[in-house]
Structure formats: structure tokens, C-alpha cells
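Got a structure here, written out as C-alpha cells. Questions coming.
For reference, chains read A, B, C, D, E and F in written order, and residue numbers begin at 1 within each chain.
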Amino acid sequence: MATLHPETLDRLRGVSTATITTQLFKRGLRNTWMRGVRPLAASGVTLVGPAFTLRTIPAREDLDRLETLADPEHPQRKAIEVTPPGHVLVIDCRGVTDAAAAGDILVTRLARRGVAGLVCDGALRDAGPIAAMGFAAFCAGPAAPLSLCGHHAVALQEPIACGGVAVFPGDIIVGDADGVVVIPADLADAVAADGAEQEALERFVLGRIEAGAALRGTYPPDATVKAEFAAWRARGER
Amino acid sequence: MATLHPETLDRLRGVSTATITTQLFKRGLRNTWMRGVRPLAASGVTLVGPAFTLRTIPAREDLDRLETLADPEHPQRKAIEVTPPGHVLVIDCRGVTDAAAAGDILVTRLARRGVAGLVCDGALRDAGPIAAMGFAAFCAGPAAPLSLCGHHAVALQEPIACGGVAVFPGDIIVGDADGVVVIPADLADAVAADGAEQEALERFVLGRIEAGAALRGTYPPDATVKAEFAAWRARGER
Amino acid sequence: MATLHPETLDRLRGVSTATITTQLFKRGLRNTWMRGVRPLAASGVTLVGPAFTLRTIPAREDLDRLETLADPEHPQRKAIEVTPPGHVLVIDCRGVTDAAAAGDILVTRLARRGVAGLVCDGALRDAGPIAAMGFAAFCAGPAAPLSLCGHHAVALQEPIACGGVAVFPGDIIVGDADGVVVIPADLADAVAADGAEQEALERFVLGRIEAGAALRGTYPPDATVKAEFAAWRARGER
Amino acid sequence: MATLHPETLDRLRGVSTATITTQLFKRGLRNTWMRGVRPLAASGVTLVGPAFTLRTIPAREDLDRLETLADPEHPQRKAIEVTPPGHVLVIDCRGVTDAAAAGDILVTRLARRGVAGLVCDGALRDAGPIAAMGFAAFCAGPAAPLSLCGHHAVALQEPIACGGVAVFPGDIIVGDADGVVVIPADLADAVAADGAEQEALERFVLGRIEAGAALRGTYPPDATVKAEFAAWRARGER
Amino acid sequence: MATLHPETLDRLRGVSTATITTQLFKRGLRNTWMRGVRPLAASGVTLVGPAFTLRTIPAREDLDRLETLADPEHPQRKAIEVTPPGHVLVIDCRGVTDAAAAGDILVTRLARRGVAGLVCDGALRDAGPIAAMGFAAFCAGPAAPLSLCGHHAVALQEPIACGGVAVFPGDIIVGDADGVVVIPADLADAVAADGAEQEALERFVLGRIEAGAALRGTYPPDATVKAEFAAWRARGER
Amino acid sequence: MATLHPETLDRLRGVSTATITTQLFKRGLRNTWMRGVRPLAASGVTLVGPAFTLRTIPAREDLDRLETLADPEHPQRKAIEVTPPGHVLVIDCRGVTDAAAAGDILVTRLARRGVAGLVCDGALRDAGPIAAMGFAAFCAGPAAPLSLCGHHAVALQEPIACGGVAVFPGDIIVGDADGVVVIPADLADAVAADGAEQEALERFVLGRIEAGAALRGTYPPDATVKAEFAAWRARGER
């Protein structure tokens, strides 16, 4: 896994997923946003961290019985215990939304262990308690049925699909009200640096628009506005 | 219809839909949660009661005219007046979400009559006022169009489909933030009793996890933790 | 474009989208509600105004590059600047929900220019800031990716499709918690007048239902209840 | 059920489903064609007959076991034995396509009993043998799983939904390569008579078009072409 | 519109849609294949020609009546008469598959006029007769209902969406058993030339694979195999 | 991997996928049929063999370039060369149908190597030539775009999802006109033996039904019919 610049994760905390898609678009990547994955809580949770992945396949009735969950090596249970603090557990649920990937006890354990968040393209159960916890959970919505109704967990730390996007272990996951984007690990430093700068420019532009400026010349900025932005930046504004 | 244990409905008020799916899974039932049906209000309404059913088919332009709604025997209007207090009106909308199954006047009448809730796999109109009423309404979302645009109501108290689940009159309907589950009437007593016990165990387990316990041995609980739970229960904790 | 009665837009501010679909149904129009389009903000924004339309087709990688957005004649950017105050910008996104039709800077400009609202059957980015603005934005949900990932804007003020409904420039757009309906311009005066009357009747009926009246004779009202409503109206109630 | 004109079914054998939708459109009915239902066989089977209906709901694991099929009163098995000769068995499968409504043994029995055809908005199994039989089977495609995996048959001769269209027992079902349409029983005589006349006109028009005529004046025909058609008809052409 | 090299259309008749997507991929275009659009006839019709476009929006009950089809300026009818011989009529049906874009009389007129083919992301009616004609018709499948049930034709020769792909008038349309691809007009000469060469290489490679060669070095070809191909080409093989 | 009884694969060649789902249903497995996967060729290809699996995730523009296909270790290319003769290559395409999993050159190589068949829940390109080859290819339909447009191949011989069903390497894959079913390896011997017996019984029953027997007592067979079947079997009929 690539070693990140020490400020990259912090910088990304100030960059929106919208801005990140623009930065990735400039680098030739268009398919970076997970379809159908949104924050579970209505309030504005944000999420930044490296991906730790769990892969599932469809449940099989003879294999996926309640007894199997007692095995500490069961990949779903193991994922909860071994996702490193500060990382994001990303679960490939194959877009299946009628069985839960996890519930409040597992999410509580993740939170207690210092894991940064949970992302899946499936459902979570105990959605009420989880939303109230303030933990950064992103999913396709709530569903009551236990995971064994739909999912057979198979492996940790493999490349997976989530919401139609490729996720490799160590990719940087960022989530906000617009959903979740995946930054390939080797692009994260550049996206963080350029994204932070883009955010500053957009704040400057937004101030102009709020003050009544027309789009022309302002958004995107022409040379004059860029110079004014540079001066504003030089004055230490942000 | 089976006669319920007198405490069953009360017990179920303390059992989550997530727990109920686990109890039904233990009894061989996997398909018990309605797909695409969620609480209309953002806040945490819960619902418990026996199902009273209404079945619809697609509207036909020559049959479904405004005049027909004046007939007190029209099945939709009749359902509003005859669903027994404490019961849940469950409407089979065939998953059609671009016409409403009911609006605020009908829902107000249901609430006034003491009906416990309304569940449909279609839409409701006047979603703003209904959400503000605090009535337990679960549906696939709001839609403005009147029911005649999409639905022809045909019969009361037949077995129906709702959200991909079989619903027989008298089945016990439970709804919360995770959606709606259907408990076959003859399983309701056992699911309520065992479900209440499972809830107690999960509260106990959650306390341990919040206190820093690892999943191993705690969730699912091994013999030691089960014994500690039994002692905790014996002390009257819950 | 038809000239509206001077009170039509004001009257429509007091008429729900649910009532409007009933009025249009009486006039033979059933397909008037946009599928999949809902208010971006959780709180109760409402919207009334004539449609100003923007049409898009799928993006093409060689045409839809960041540089093209600097062209003030780019139809998306131009739409933001020329939608008349009080009008509603309606964007045909072909139901594509994985690229945004606009973001917070463009929406801020619309709001600053006095545009009444924005409606699209696609996504918006910067959903958190937009929802906080109080601007009447209706869409299929949030999405982070920039418009160039999915949309190539082609023309203003053409007849378009939005949410499965025909929208002609000048049609009257009304939005509330039940979504968005389209009133053909030449029907707007009649729908507004009759709709306002229907709203008064429904308020009267709702009062009766809240007071315990059964549906029979009250909803729909029989001759007696209609006479009572007329007397109530004559007393200046509303 | 309405009594049909003695020539109605024969007339309909010469009328395409396309023409029938036009005749029903003239009478105010737009929603008459089943979505997703097509002939199982590649070759050109056609179908005309009154509907005999079977309704299903989702399977329930404790009720839908292999043993239940031995009960001659099981509605699916009973439907096979009691659908009258010349009628069409129409099964409401709720659009579920991953379990079969019937297989080759049941279809063979239907054919042996002189039933005109089978229509469902679900799947059939043993699709190879059934397609080879020449029996008029229309469905959403093949699927191997037995009906008990998905369907619980509940009742015969109720109004049902099939492919998004209302079907009342006795409605006239017509199927060809364009799929299946439903003619309300009380409109069947008129649709058959006018539809046969429309077919004659379209054959006449098609001859003109094949001979090089432009659409203008020919399709739809103006007064001159109508008079020529009348003369052609008067000469006994068809 | 760009002027094509005189051999481009002929060359494209020998290039598969699969090969064309590879050529366009090399030039940075990934979204060039229409989703859900396939040949109506089972046998192997192919299609090459410049696009002539027709755009539709959803039908409106008060505008889309049978009488309107008598107007020779009605865009659907006009499209049939003015699409130039050798061109392909491409209709934007917004993916709506429950109403037909055209039927056998209109298609017969297209064929009689020498139009190369018809492509739409909606349905065709009279599918049996059209499939038997041998005309190159590509669509999402058959549907009986007349166009007025779903479509309001609005304009000719505008840029449109079809099957999720942008189509500009004059773009080159190619169809075969794998469906339909769109070649931007200014890339058509290069794609035709390079595509023809790729086809020759693939025929050569296929011969090697049929003779037992492994993929390694053969597909894709290494320098040795490329040299052998060049020699084979130089001998006039193809 | 379990060792199969030496006659199991041969026996399964005489057992339909429909019968296999019944045998698996008897053993508690309901989810065994791949959704959306059908034979590419119209004629009746059948398929039996152990699964060899290939897993894909969504393509990433910077990783999935034409050059990468020259690497003989590329998992897609490697799968073609190492799937053992007599086995079935099963590709997890995540249900993505707008890029091809393979084309005619790769399929020719599979056929040349004696591989029994190819199954994927995605698309194949060069569908015309592949259908003409007589190779047992099952997929979700044709699509022209190359695999790099949609798929990044990651690994061989992992457990995968295909058409919503779990597939473990070595599971037995059976395909016919009803689609594809997956038999867990350790159940294959029993399913083959009991399935062959069920097929014999169904042939016997079908003969009775063709001769005019009613379902009652015949299907399912009662004790008398079972005895007659046993006698028929004892006479060596099949």
C-alpha cells in the first residue's frame, strides 16, 4: 500500500466528495462514486479513511446458519475485530438490500475500536440506534433481516466492488451528504492537495456569487478573478 | 384466526423488527420483511397489531372514476371504516408507487377510529400532513396522484402480497425504523416471548460491548457470558 | 405562452400537488406527477412557477471536458443566467442519477437572481449546503459527480421529459412534500380556481373527520354536507 | 359475465393485438397491454379466449411444501383441471420471474383438456418442451425453480393483476407476437367488429404503401382513400 | 455534418459493432453502445448508415389523440417521409417500452423509400410482420400499444439520447447481433479504416486459435505473430 | 473438492434444471438458479460440469487499458487457458450487462481446449458467431463493448456470486433452456441419482397425462400410480 503524505487525510476532511470527483475526473477517472450508498443518519456525518474490505457472496441455506456466527474466524465477525482504527470497513454486498450487513452491536464494537466508519452497498439493521450513535455509517438503507438471510461472508482485504466502483484495500474512502467516493491510494496525496485548493477557490467564488456576481468570468474564474483569488489567498483568507 | 396470548402484542412493542426476523429465521422463515416499505415520518414511529387486508389491482379508466368513491361499499373507503381498532390496515399496492393508496383525510379517519397503523407497498399522498400526525404510516414514499390513477380496490380480508411478503388477515404486523415484518399468527406468541428474551440478552451484550468487550465469546455469548446474563436477569435487570 | 390570470400563481401557493392531480384527472390528464423527484430538503419547501426548460443528452468524453464550462453560451451555464425571476428551471436529466445536474454555486446564483426553484429528474451535488439554503430544489437525490460525467446540455426552452411527464416551456410547476406536478399552461387558471375551492372543501371535511364523522356522506360530501360547506364558506370560513 | 356475440372470438382471431389497443384507446382505455409478457415459443402462436384467473401471493416456507401439491384442492392444481376448454388460464405471478408458475406436465394437461392458452407475468419451467408443444403459452420467460420457491396459490376466478393490467374473469385475452392484451368483456363485441374492419383497412393501406404511396392521405386515409377502400370492400376484397 | 470518405460506409459493413467499440475505446470513447437495443428479427440483420433523428417526450392525453396523426407535419409521420434514403431513423423513446414507436405500415414506407434502418430505445408493434420483412429494425422489443399511449413526437434532427448514448444527426450508426453503436461523424473514417484492419487481424488470429494456438503471443499478437499477419496480408489474404 | 461418483456427471446430462431445483428444494436449498442467465443460442444447448471461477470488479480507467491484455497472467486471459477440460468457466460479472465478459476468439479457445461451457451473469460479444459455434454459452445477452469498459478481472478459483447464487469452485453447473443451476459439490451425487429417478417418474407421468389422465393421483402420484411406475421401471422402461 502506498504511504500517504502525513497531511493527506486531514486535508481530505476539508474537501467535499463533489470536489474529489472533479479532481479524479481531471485525472481520467469517471467512475468513482458509489451508486445507491448514502449516510444512514440525516445529520451531516463525514468520513475519511483507508479502506479495509470484506467480501460477501449470496447466502446458502446449508452453510449460513446461526451457529456459524460463533466462529471467531467467521469473516464478518473477524472484520469487526481486525479493521484497524482510523480505517473504513467497506463491505461488498452486491447491491443486495433485503438483508443487513451488520447491526447495532457490531457497529458499536467498530466505534469502540476507533474504526472511522462503515460503508456498504447493502443494508444495515437497527438503523434507529445506529443513526443515533453518530458513527459514520453509509449504506443503501435500513433492513431488518439478519445477514445470514442474504450474505455469506468470504474474505477480508481483497479488491471488491461496492456501489459499482472498484475498491482496493488501502484506497481512500471519503463520505459526506453527497455519498461516498473512492480515491485510488496512489492518487490520494495529489487529490487532497489540489482538492483543498479547489475548495478554497470555490469558497471565494461562492462569496462573489452571493454578492451578486454573474457566472461569466467568475465560475469558472477567468484570469482576473484568478488573480483576485490569488491575492485573497495571499492575504491568508480561506 | 389464532387467539393470541394476552401479553403477545405488548411484548412485541419491546421487540425490534431485526430481532423478529432472527426469531422467524430460527423457525425456518426467511422472507418476512417487506421490501421498499419504510416509515413515512422521519421520527421513530413503531407499530404492532394484527393485519386487516385490502387488495387492489390496476385501475381501469372506465371503472375508476371519481363518482365511484361516493359508494360506501367501495372497498378502499369501506376498509377505512371497518378495520378494527388496534389493527393494522395493510394494502397490497403491487409495488406501484406513482399513485397514492390514501391521503390525509382517510388517514385521519383511521387514526380517529383507533386503528393502529397503515402499511402499504405503494405511496401515500399528503405526506407532509400525515407525517406530522404521528400516526404509524409505513409506505414506499409520497406520491401526489389520487388512487384512481393507479389502483382499483377489489376486496377486504383476503391473503395478499405486500412488499414481496405473504400477509394473511390476522398475521401480526410489526414496524419500526428498519421497516415492517410479518409474523404468521400461529407463531406470534412464541416469537414475542423468545424475542423479548433475545432483546434482554442483546441489551446485556451491548452493555458489555460498550464497555470494551470483544465479540469473541460475547456475541454470540458463550457459556460464561450466558451464565452472567442469567445472573443479571435473575437480579431483575432488563 | 398563455397569459395567466393574475391570481393564478398565488392561488396555487395554497393548493397541494395532491389536489392538483385530482383537478387534472377531472380534465382527463392522468400523467402529471414526476416519478422519482422529491424535495432535497427534509423541511417543507413548496414551489410554484412557470417552467423554463433545459435539455440534456448523455455526455460524450470528447465533447464534455472541463474547459467547455467556461463558454458562457454553454447551455447549462446559460440556463442559470437566463431563467427569468419567478420561474422554475426544469432540467431533463433522462432519469440519470449518478451525475449531478448542478451544485451549490449554480444554485446560489439561481437563488440570487430570484428564480423560484430548480427541478430535475437527476441528481444535485453539494446536497448538504443546498438543503441548508432553503431554496426550492427538487431532484432524485444527491450525487457527487460533476455534470460532465453524465450530461451534455443541448438546448433551452424546448419541450422536455422530466420524471416521465411532458413539460412545455411555460407550463406551471408546483412542488411540495408529495413531489412535483406539471399543469399545462392553458389549464392553469381553471386548476388554480377549482383547486383552491377543493382545498377549502377538504379543510372543512377534515374538520368533520377530526370531530368524529364517518366517511359516508362526508367524504365525498353528499348534498347535506355540501350545503353545510356552502354555509360555512358563506360565513367567511376557509 | 357478458354473453358474447357468437362471432366475436372468431373475429378476434383475425385482429392483431396492435389493432386491439387502438380500438380500446378510442374507447378511453390506455392500459390494456401486459408488460413483460411474451410468447414462449419463437414461432407465431396466437391466442384468443376468455380469462379464467388464478391468484398467487409470495410463498411461505412453512406452508409451501411439496406435500401440499398432492391436495386436489390446491388452487394451482385445481386451476389446471377446471379452466374450461377454450378459455385462457391467466395467472397473477406479481411479476416474479425466478420461480415457475407451471411446467410441462401441467401445460400438457391444459392442452389435453382443450384449454386455449396460458398467460402469466411470471416464468414457466420446462420451457424447451413447452415451446415444442405448440401450445399458446405467454410468460415473462423461462425459470427452472418450482412454483413453491416463489408462489403460494390462493384463489380462482378473482379479479387479478397481470403484467400491470387488470384482468376480470371473462375478460377476453388476445395474444400474438406483440404480447397480450385484455379486452373488458363488455367491450369485446364492439372491439372485435371494429377491429376486423380496421384490419381490412390496414391491409388495403399496406398494399398502397407497398405500391409506393406516401403516408399523406393514405395513412391515416383521407376521404378519397376511404372511398376507394369502401369500393374495394364492396368488391369483396379483404 | 462532416463529409465521409467515400469508402467509409462500405468498410463499416465489414466491421462488427464489437470491433467498433474497441476502436472508439482507443480514442477515449467508452459510452458508445445502446443499452437494451437489439435486432427485432432473430436472423442476422446488419445496419450501417448516418443517423436521422426524431425526438419524443411523454404523451399528454389532451394533445395526443388519433386525429393528430392525420397532420402531415406530425413529427413522427414526417420523419418517415423525410429520412433520406440510406440513412437510419433513430428515435429517442426515453427507454419507454410499453408503447410502440412505429408499426408495420410506417416501417414498410421506410423500407420502400430506401431508408437503411430504424433504431429506437423503445418498442415496435406488428413485430411479427416487421421481423419477416428483413428490414433492419433495432429496438427494445415488441409492444402492441400505439405510439400515442406513450410518446409525443416533438422534433427532427436534434441531438438525442438513445439507449443511454448521445446521437447527433449525421453520426454513423452500425448494428448487428451485438446491438447498435454510434460513431461520432468526425471519427467515422478513422474507425472504418482501422476497424477493417482489426477485423482482418482478428480473422487471422481466429484461424490460429482454431488451429490450436494458445492465447499467449497470439491474442493480443506479439511481434512474431504481427509479422506473420503482415506477411499473410501481403499475400492478399483477408 | 469432493470426489464425485463416476456416473454423476453422466446422470446429470439426463436431468433437467427444473428437476434439479426440486431435488435441491427437498434438501433445503431454494436459491440455486441464476437470475437473468440464459443460453446464448436459440437451439437447445445443454451443459454439465464442475465450476472453475473467475471474479471481476468494476473497471478502473487507469488500470484497464488495452495493453494489460497482453499479460498472460491477466486473470481473464489466464482463465481461458487454465480452466480444465470438461469444466465450466463461471464468471462473476456483478450483473453488469453493458460490457462483454468475452468474445468469439476467447470462446473459440475455450472450445478448442475442451472446456464444457461458459456461464456469466454479464454479456458476451460476437454473439452471432458464438451462437453459431454450438458451444454451451450462457449469459445475460449480447453486448458489443470490450470487457475493459466494465470489468477488471481479479482472481481465479474464489467463491463468487453469479446471477444471485453462490458458486464455489467445484460446484456442479447444469444448464439448459430453463437457465443454469448450481449444485453444491457434496450434494451432486445424491441429486444426480434422485434426479435421474425423478426424470423417469416424470416421463411415466407425462405419458399418462398425454393419454388423458387427470392430475389427481397421477401428479403427484398416489400409491397406485407409484406401484404402476415401479412395475414399468421393473420392465426396463425409462
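Worth a mention:
We adopt the following convention: contacts are C-beta pairs under 8 Å (C-beta built on N, C-alpha and C of every residue); 3 or more make two chains touch, one makes a residue touch a chain.
These numbers come from a predicted model, not from an experiment.
Seen from the Cα centre of subunit B, the chain whose own Cα centre is farthest off is E. Matched by residue number, over half of the contacts between the chains of B-C recur in the interface of A-C, chosen from C-E, A-C or B-D. With centres set at the average Cα position, the gap from subunit D to subunit E is 32 Å. Chain contacts: subunit B has residues 30, 42, 164 touching two or more partner chains.
Chain-to-chain contact here is organised irregularly, matching neither a line nor a ring nor a star, and falling short of all pairs touching.
In this structure, the chains touch in the following pairs: A-B, A-C, A-F, B-C, B-D, C-E, D-E, D-F, E-F.
Taken together, the subunit E residues at the contact with subunit D in this complex read 42, 66, 69-70, 72, 77, 80-81, 97-98, 100, 103-106, 108-109, 112, 125-128, 131, 141-146, 148-149. Within the complex, the subunit B residues that touch subunit A are 16-18, 20-22, 25-26, 30, 32-33, 35, 38, 42, 44, 164, 176-179, 181, 202, 205-206, 209-210, 212, 214-216, 219-220, 222.
If you check the complex, the residues on subunit A that touch subunit F are 27-31, 57-63, 94-95, 152, 154-155, 158-161, 164-167, 184.
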